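Going in written order, the chains are labelled A, B, C, D and E, and every chain counts its residues from 1.
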């Protein structure tokens, strides 16, 4: 992976200006259903802020989500929202984006939705590099179903299906996405809202598939079960787990091992699938291809 | 009197001076106060020499020379300088203390000394303001700044250059004697030059950018949607100014409006969008929401 | 012969008809014996600025089709048994969320991987009840290449009109059969287009009840900014568990095909007017039955054929009429007995219903039907 | 035209389906109603493969073969599954080398070195077309011109001449065989 | 620190004066007096005395850090009774800790000379109070010598050992910050080896049971009278016969101030402020019209002189608070009408900025207090650098009483049961060992629901980086056993003990939460070494990427002196920058930055 220290978002953080989150919410559905302190709400703000800054019209915005807590987030956005089946939002979004290149298509998925049941769709979406932005809200657990182990649950953590501690290794979703060929891969924690917003901006503006892992917190289920404290502690903990490699070389060693790299972790300028497909199809058409 | 900020080498300069004076047969008393000096506080050294010296400290208004290694510290100790005859030599280096950046209000400016060198030199009978650090860097060793000040100081005392350099050599790192010799000369030459050509002073630094909304013009107002707050405590606990609390109904409230700086962290971090930070311009009663710079 | 006739393989006819019907999106995953549909679509769609994509699996294929359809584009996928099983979840989504789409199932022997290159008609019940929960679905079963062509067009029309997934199901034999087909001129073809929601966003309800029980659809970009979910929802499109609202909306959803069944139902009657012995069957078995009817008639047996083209909803009324004078009904099918269950359900007490089942991967041949019916007639 | 049923049987890869398609098209050109079906085993090479053409003047009720009038047996594997479908007196053309045990009894059997002839023409892969020409010539299923036109529509341009040559060769062999 | 090169035995001494601070001179004086055992607990401004002692040959003198002042005095008593000259040094408040021993040893007296050096801190440069040791001496009936400059510091200290032995009394040498930290020329002498006398072997003198004490008390009273006599005739007092009609009685560090202001006046400088030389004072008073007492802090001399029936004036003109620099002496004398009023001070029309001391850049205490503030804990603090966390921006210490008080305070707060806030006592490693262990035992014993946070920065940082029993090094730098805090806490019955890295904010917040949720005594040890001592830590610095800074100034709440404003604004608030010279790369600011705009300076790739 590229050095995150030299590859942080190039955007200047701009003042919120006239960004008013309520302009982007379905106010009649508020307050939302998420538990107190759930990081998904913070991620949602960052997303809407990014959309505002990019000047994307709500009418031209399509949000696709899957099943789970993350799947419910999209419904609060005042846009065309699609709450799809478990694991399949990326596939659905693939169809939507190919059919409607004019729409900005954003997928909100969770760690289980995206990596377990939807893992196949993820790697192929990465490979295809269609211009979709996928926000994977990673809270390390199946929250909606009551707290079962997920593909990103850290080792030794307690869940309702690992009552003596998880022994399965977790995915590094970003490395997975990068290896699968995603055009842009990034990770951020919810604590850093403007940075997260910038990362999402990067993701949306990148011509190709953007995979963004948002480290979110599940306080009510995961945090409580593992005694990780309340939301403030969990959010701060995520941040302190951020130790880009260069942070390791600080004041005196040994420092804690690096856990998370953030920022834009990989970027490639592979052709965007939709553009490539349409160009290819146009050539085939002028040649009068086929019998 | 030699003043500066902890770690700058105030004690070193005063020791050089004290030792030199003693070697010239004077009685010398050199008084310093430390303990907190390491913690970023101001440091000051009284050096008194003469045939007979009583008090180790210089009475206020009786210092013949005030050598400041830092600009604001120089201003702080001005009352110790003899108003009619005192010589003031100050490095224009600014070490801004965190305290000067304490005011978090929108539009706040630093509490660092506002006076420009030109204004101060106007007030003292014989004053010099120089960028010793800059000169030292030109010479190739930023650490030689203090020696430049010693050179500047030497111009007002009647000791031979060789004696100065002999003592200085005892205090500087091995191998840097030559640089420091040049630095000493530089300080001395500069003073001579300025004395011959009083108009040649340092240009004043350009004034800092002024905020569009000067402090006091803006009031921060937190718009809280009670029904949306889920009492998660994130805002309360992560507010840098600790100015939020949950009220008896466990709904977030701004409990210390004066402390709130409108930094928006609570707005950003509220997972439930219950908080909106508004900046209200006071001088025209309309709600200046988001009236950013 | 004029240029309007083409010598088409069943699967290719399906692909050409889809394009003629306005299909501009196809997502699929290779599976025998349906792959030729995907292959043909990959060639045809670029010509009309449509999009073909081969997805990573069958779930993804139907997901992408639903995505495209929600984006406002007519879309189709094609598969066979194992893939059809995989699509059931999203088929249920399309039913509940009322997303028009066409799913072709070129059926083959099962269960499981079964006999990929051999025909079977064993997905009759799955095509109706494959997805969990009560859900509306239209299933069309053509028995010739020409009918594949025409019914594919009709499948799109029905799907778009009633906002319902339509399964176009034909067996491997028909799919791989080459016959001569009269091909429509797409420019002159009258197809049915989806009813789009118009007017202001204020007050717009994406699932509001209408006379035909089919609400107009919101198109992304048209300012409606609607919500679409697989959760049971209210007229607003947002999830609800309010029993009254749930019942009202579910009833509307399930009534949609019932209300419009005249328009949906299609069937064929061959010599049923005076038939004492009625054969009810579909696909290649129906082709065998045609010949069997001829043979039997020559032999003096008053046989007739009732062939549901719209398998689901089953044309009950038409069947009852056709079977009114029958002493016995024979249901030949290439499975262990599925369609016969529906016929038994619909049949009268004084009418004997018998099955003719074949599960060896070979089609039912006319002689088998003749023999069986003669046996019944004795 | 009475209902006519033709089968091309052999092993996968021998061009049996192409033969059937050419015949299907040729019959259509002659105004016949035809249906062509096919069957194969999952293995593409060496497995049993066939393609049937059923044709008549009227609409075809049943499009599959039930009683074969013609059988072109290009390989031994094509024989057994087809034997029971053969009509009495059906015309069977069998490749001499690859079909050592052709159906016998109650059929009009022609064993002919189709493969060898194809090799002589320069490409073993046109044995099927030679067989098609031969069988059509022997049985009068359809005219040579129609077949030639059908070949034009069904084969790639660079194989066209060779295929036409093979067709000619097939028809040419008719005389030799009848004479034999 | 200037190592007195003459300290090497056998070297010829020159007759040249050398500049020495008061503390250096005191150490020199003790060494010249042949002191054998010296002990101290560090405390500004006394710390350098022992540090200087440690520069002398270990053959000559034992010099070590004690766990606290009482232990140091007890050590000195033990040595004295064993027949060698001994010294304990401390700051004024340290004397309170040692008071119990001092009040007894005044009865016991000495065998070989016993000197207690106490450095007062008028002006509160670095202390929690301004107590005047002369008052304490009066209570303990111990003579107090008051040197005025470094030369006297040397001379008086050397003499103190002789007086101690002559009068069988411990002797206090009192310095003040101004003396301890002022360099002035000193003529030095040579060491006089004292003969080891062996154990005193007189239990009536050394075992202070009531029966023995009753016998010793009259001897103490008698001793004071003898001392009074001695001081009345001592040449150590200085009587400057002047031309003025008034006479000034003064002492120690006030003398040079007085001389500065009225060099020609009649001045009586007392060598000892207790006991007073009554005879001498009467003589002096008789020669002048008005007796003015000039003394820093308490009116000790003034009251005593008045008690003699002499009309002395003093505090009516001079403050009881802070130092008495020449300006104030002049002002006081003018107020008394004895000299002309000084001219009004020149008004420079300059407003000086505030520059209060702050925790160092990278100080590991920073996050500890940030976390405590975040959980809104009620925090009794203790004595150490971390006391700076009592003010903004950390502002998280609710009470600071004195060394070792925090844990006891916490017990009381818990027992008062009047707050919902978690109670967390914070105490440095050195302070914990000084006087934090008994209260911790008490907390366990009395089942107090408190959390104790031991801020283990592995050094006595406040006083400039001294070793202590937790560092594994002695004063002279020799390896020794280091206290294991976790083991210690468990052994006294603490059930919840955990060690965390205070640079790891997440871990720290989490551990602190767990600790405060634990019912009963919990001990959380934060173990990050001080950034200044024993080694100055300097890692790669961090930089603020101004483009992504939102001026929230959350980092400013660390109070890190490396972080200041820049002119660039975000929503009319200043963005920040990090001074690369002072940043040590601790990453705390980066850890709390909500925009991730603080990043390590890009490192050149390792070749």
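By definition in this document, a residue touches a chain if its C-beta (ideal position, glycine included) is under 8 Å from a C-beta of that chain, and two chains touch if they have at least 3 such contacts.
Note that this is a predicted model, so its numbers are computed, not measured.
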item	value
For chain C and chain D, chains touching each	none
Comparison of A-E and B-E (more C-beta pairs in contact)	B-E
Greatest separation from chain E - chain, by CA centre	D
Farthest chain (mean CA position) relative to chain B	D
Innermost chain, taking as reference the mean of every protein Cα atom displayed	A
Chain B and chain D, separation of their C-alpha mean positions in angstrom	103
Interchain centroid distance [CA atoms averaged], chain A/chain E, Å	57
Mean-CA-position distance for chain C and chain A (Å)	38
Separation of mean Cα positions, chain D and chain A [Å, integer]	60
Residue numbers of chain B (touch at least two other chains)	237-238, 264, 268-269, 292-293
Residue list for chain D, restricted to those that touch at least two other chains	none
In chain C, residues with contacts to at least two other chains	none
Contact pairs between chains, per stated definition	A-B, A-C, A-E, B-E, C-D
Residues of chain B that touch chain E when the two form their complex	5, 15, 18-19, 22, 27-42, 53-57, 59-61, 72-73, 75-76, 78-79, 83, 96-102, 104, 106-108, 110-113, 115, 120, 123, 208-209, 211-213, 218, 237-238, 240-242, 261-265, 268-269, 279, 292-293
Sites on chain C touched by chain D in the complex	1, 5, 7, 32, 116-117, 144, 173, 176-180, 284, 287-288, 290-291, 294, 363, 365-367
Residues of chain B touching chain A in the complex	225, 227-228, 230-234, 236-238, 264, 268-274, 276, 290, 292-293
Touch list for chain E against partner chain A, complex	362, 374, 501, 503-507, 509-510, 513-514, 529, 531, 537-540, 545, 547-550, 570-571, 584-587, 590-597, 599-600, 602-603
For the chain D and chain C complex, residues of the former touching the latter	21, 24-25, 28-29, 31, 33-42, 60-64, 66
